[in-house]
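Chain lettering (A, B and C) follows the sequence in which the chains are written, and residue indices restart at 1 in each chain.
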Amino acid sequence: MTTATPLSRIVRTDWFGPLLVTIAATVLIGGFSPSFLSPLNIQVLLLAVAINALIAFSQMIIIAIGQMNLSVGAIGGLAAIAFAGMMEVWGLPAPVALVLALLIGIACGVLNGMLIAITGISAFVITLATLSIFKGINLGITRAQPFYGVPEGVKAFGTAVLIGPVPWLAVPTAVVAVALWFMLRRQPIGRFILAVGGNEHAAALSGISVRFTVVVAHAISGLLAALAGVLLVARLQLGQPSIGDDWLILSFAAPVIGGAVLAGGHVSVAATLLGVVIVAIITQALVLFSIDPFLVQVVLGALILLRWTRHRSSRRAASKNHSPASRRCAASRCRCCRAPSMRCSARTAPASRR
Amino acid sequence: MTSHDAPIAAGPQGDSLERDQNTLRSSFFLTNEFGLILLIVLFTVGFGAAASGFLSPFNLFTLGRTAAVNIMIGLSMMVVIVTGGLNLAVGAIGVSAAMFCGYLIEGLGLPWPIALLGGLALGAALGFVNGWTVVRTGLHSFIITLATMSIFFGVMIFLTRAESYRALPPVFASFGKMKILAYFSPLLIVTLIAALALSWLYRRTVLGREMLAAGARPEAAELSGIRVGRVFILCHMLSGVLAGIAALMLVARNGAAIPAMAGQLGQDWLLPAFLGPVLGGTLLQGGKASVLGTCLGAFLVTMLTSGLLLLQLGEFWIQSFLGLLLLLAVLVDKARRTYLARRNLA
Amino acid sequence: MHFASPRDAIAHHVGVVHQERNLIPRFSVAENIHLEQLGAHVLRPVDYAELNRQARRWLETLNLDVDPATPVSQLSVAKMQLVEIAKALSLQSKVLLLDEPTASLTSSETDTLFGILRQLRDSGASLVFVSHKLEEVQEICDRVTVLRDGANACESRPMEGLGRPELVRLMIGRSEGGGTWRKRDTSGNPPVLELRQVATALGHRDIDLTVRRGEIVGLYGLVGAGRTELAKSIMGQFPVTAGTVLIEAKPVRIGSVAEAIHQHRLGYVSEDRKGEGLILPHSVLGNAGVPIWRRLAGLFGSLSDGAVRRAVLPFIQKLEVKTPSLSQTVGNLSGGNQQKISVAKWLAAGVKLLIVDEPSVGIDIKTKAYLHDLLRELADAGTAILVITSDMPEMVALADRIMVMDAYRVRGEVANTGVYADVSQRIMNLIHRAEERREAEPA
């Protein structure tokens, strides 16, 4: 085993690559188009990042347990129209509506988690079904018409600036990022989430309640999706029923760019955040250079695939000196959907010989 | 050890053959297919009584036309689910294939049969891209096809400038409007042929068997001499072709190739694509293909949607309804499996 | 008493060291050791400094020199095993179950472990030591229960006065040396498979191996010696990077398993029957015919059940597979019958060389004896057979010659004399010598 110098340790972290890309992209685009670094543009960028980061975190926490949540967008949309609707129709004050909307998000998440944990049916199928249920409730309530009666206070929050180009909307996101980081790093529940994702069998044998952990992870996911939906209402100044429709790819792209292992057990808050930033920068650049906005989708897809190439080359380097076992995962192809999760079935931990 | 362990009679083979058929017959009532047929009959009677227009020739004709497309979409997903994976890009591939066909006709002036083949070839090619990437990376097809869905659709929109091809030869529109015996659309026949061909593939050919074996246990299949990677790529190509056919059927129905016909990124196809196979009893595990189940499942969904719309029970709630149906179907299927497993052990 | 869940067992101070690795690879050593204890307060921040301090204590008890903050994935297999033991120890278990804890340890590591186990015993803990290595059982255990065919062959007999021959008799149901092994002279037969100085992408080096027509060659080694990996490399699943592979004296390059099976008529019965050997959700017919589907294909690749049935049924009947019908799902059959189907599959394919990996894992004793007879019969009929097994009595009962592997190399050859004590002693000597050599080498 080589001893790691501090530098090489930094290089090996998940956030190092995305950070380099972020800096390089900023410098490059800023060089071509100085308006890219204007305060206004930075504010637009931060607004996008603030909301997209919550969407990405909502998916990331589910990726951490080795599952996926297709209903992130539907939960966000439902919470968003509930938030706007409760204020307009029932005249509830914004804080009460906020709490209720977040509770709805948690409830949706708990429903997902319970269905998955109790039945053992794959998360994909369950969340596909709930996606459609939540979205249908959304359409049933709104009849596809937006709620316009968002109070001025909420609208003001959506446009207010904290200092310089930093919008108030970024504050909840920052709090969430730190809290998630702390939870995944330091709190047993966060460690359990990663343990279940890393090796569910071992986690169960270590006395961790896998079901409880799965439900908690989905509840957090629902909460974050709902928060993203609510913030989006503040930003758009209206309760759009179509909120959440286009979240799916984004929610996966950022964690994957941030090096999350879809099999579970390995996610990084910082790298995911940087993944969101990269996506935002590229989107913004396409707009600045007035390139077809449809190409944003292509770029998102390409980024996901590109991330794999890196993943693969580093894996090849790692398997050079040892381990038939660590390769086994690659050789055997993911058995994935067979299990309720997306994990690869490497039955043995990387075996190293001396 | 199971209690019914008895050596196969060394005597005439007919003995064990006959027993096979007996077990088949008794268990048919426990299959998904039977449940689906029951539901379809029940709902037909129910809707027929409740909604006056449901059994009218026109409604049955449009119902059949929509069902034909939905079944094709379901089949296109099913052939990939067989591998234990999935293909989120069905919509994107389908629309791309249809748009390419439109381009070949309007842009290059090719005769329509060649353009049709060209569209399907593009479907196969895009399927190949999916399959190849999945096999080479060893990553789950979910993430790969999520990415390619975005790429295919984005490139398609970029190249077509999001504009439709509306000046297609009249043969498309007339095929879409044609009625057989006043009730049936010829699109149903296309679907029927595809379904029969798939049944033949899975039951009676080496390739189909290899797809099922490789999907059920890739490791075991590989060690038994099946080239799993190649087989998986073929599954994805087949999916691309079927998605292309589905989109071309839509073109025939609409009389034009429209980029938005499967919604943003082709996402509108995802629910029907999964509803068919999952209702048909494929729990996304791979190694099992129920062509009949998929057809019945997709048909049931189409019928429910149409019936509920006719009853005017609130068109916006239909999506919730379909979601509940999916949830219920998987829960019932789960219970059925548990019951069967327990019965086998008893 | 009945434990509803692992958590329940832990609460009752029962610790288990499982045979398979049960660690979270990305977590640190300390965290893995104390994962159980974290559950008490799911929100209270983890104090890693304290965790490391506590872990260090257990690591020191085990003489394990690793930093508790190291991720487990960076450790060697042996060290992972010791971490698992530390994990069980940290629970202050009153009862500690160890399932083959020495499977991946070298002899000196084993000695250290035994020292610790003795200390634990002396401090009042009860230990259950599960092993198939007689030497170790004799060395460490006070009393012994022998399991055979899923039943007690003897219950808690004091180890004292229980000699090795008696132990073996209890294990295999008859005294050693008897059995059905008979000397077979195959040295004059032409070789079917020859490996010359073969290296593989998985790390094998300088492998020399010959299997002749009608010969049964055994491949013995501890877990992790690279036997299964060698078999899969021969089958073309992993590339051969150097040296020559000869099939019937012709040098070949096998690029894929399909090539090995269809062109060179090799067959491999996997040790992992449920994962790699059989397609459990498919029928008997669907499993037994896979390797010959291509051969039976007709027009447009069409294939009829009848053709497959005709080709496969004789072998299913010959092996007396107990199944209600050929359409029975394989997953519903007993382990012994499943194994018979895995073999029948290759008989139907008419292989020239059959590699059998752990032939008697999870099957009953009668089927095991039957399989042994079958393999001998196959060899007599001219099939070359390579047997991989960790079951020493089985090795002695089957093989003509035994190749001993360690650390992805062949360390020597032992001619089988059919005398268990003698053969097993010579095999273990080879392994010990190889281990010593390995330890002497700089890491």
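What we mean here is this: contacts are C-beta pairs under 8 Å (C-beta built on N, C-alpha and C of every residue); 3 or more make two chains touch, one makes a residue touch a chain.
Quick caveat, the model's predicted, so the values are computed rather than measured.
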item	value
Shared interface partners, meaning chains that touch subunit B and subunit C	A
Chain separated most widely from subunit A, comparing mean CA positions	C
By number of C-beta contact pairs, the top two chains	A-B
Distance between chain centroids, defined by C-alpha means - subunit B, subunit C (Å)	43
Inter-chain centre distance, subunit A versus subunit C - centres from mean C-alpha coordinates, in Å	42
Separation of subunit A from subunit B, taking each centre as the mean of its C-alpha atoms, in whole Å	30
Numbers and ranges of subunit C residues touching at least 2 other chains	237, 275
Per-residue overlap in subunit A, given as positions that touch at least 2 other chains	331
Where subunit B touches two or more other chains at once, by residue number	219, 285
Parts of subunit B lying in touch with subunit C, wherever the complex brings them together	1-2, 4-8, 10, 13, 16, 19-20, 23-24, 204-207, 209-210, 212-213, 216-217, 219-227, 285, 287-288, 344
Subunit C - residues contacting subunit A, complex	5-7, 10, 16, 18, 20-27, 31, 35-36, 38-39, 41-46, 72-77, 80, 87, 202-203, 224, 226, 229, 237-238, 275, 407-408, 438, 443
Residue ranges of subunit A in contact with subunit B within the complex	68, 115, 119-122, 124-126, 128-137, 139-140, 142-144, 245-246, 248-249, 252, 256, 262, 292, 294-302, 304-305, 308, 312, 329-338, 342, 344
Touch list for subunit C against partner subunit B, complex	232, 235, 237, 256-258, 260-262, 268, 270, 272, 275-282, 286, 290-291, 293-294, 296-297, 300-304, 309, 313, 316-317, 320-327, 332-334, 337, 345
Interface residues, subunit B side, partner subunit A - complex	84-86, 133, 135, 137-140, 142-144, 146-151, 153-155, 157-158, 162, 218-219, 228, 232, 264-265, 267, 270-271, 274, 278, 283-286, 314, 316-324, 326-327, 330-331, 334
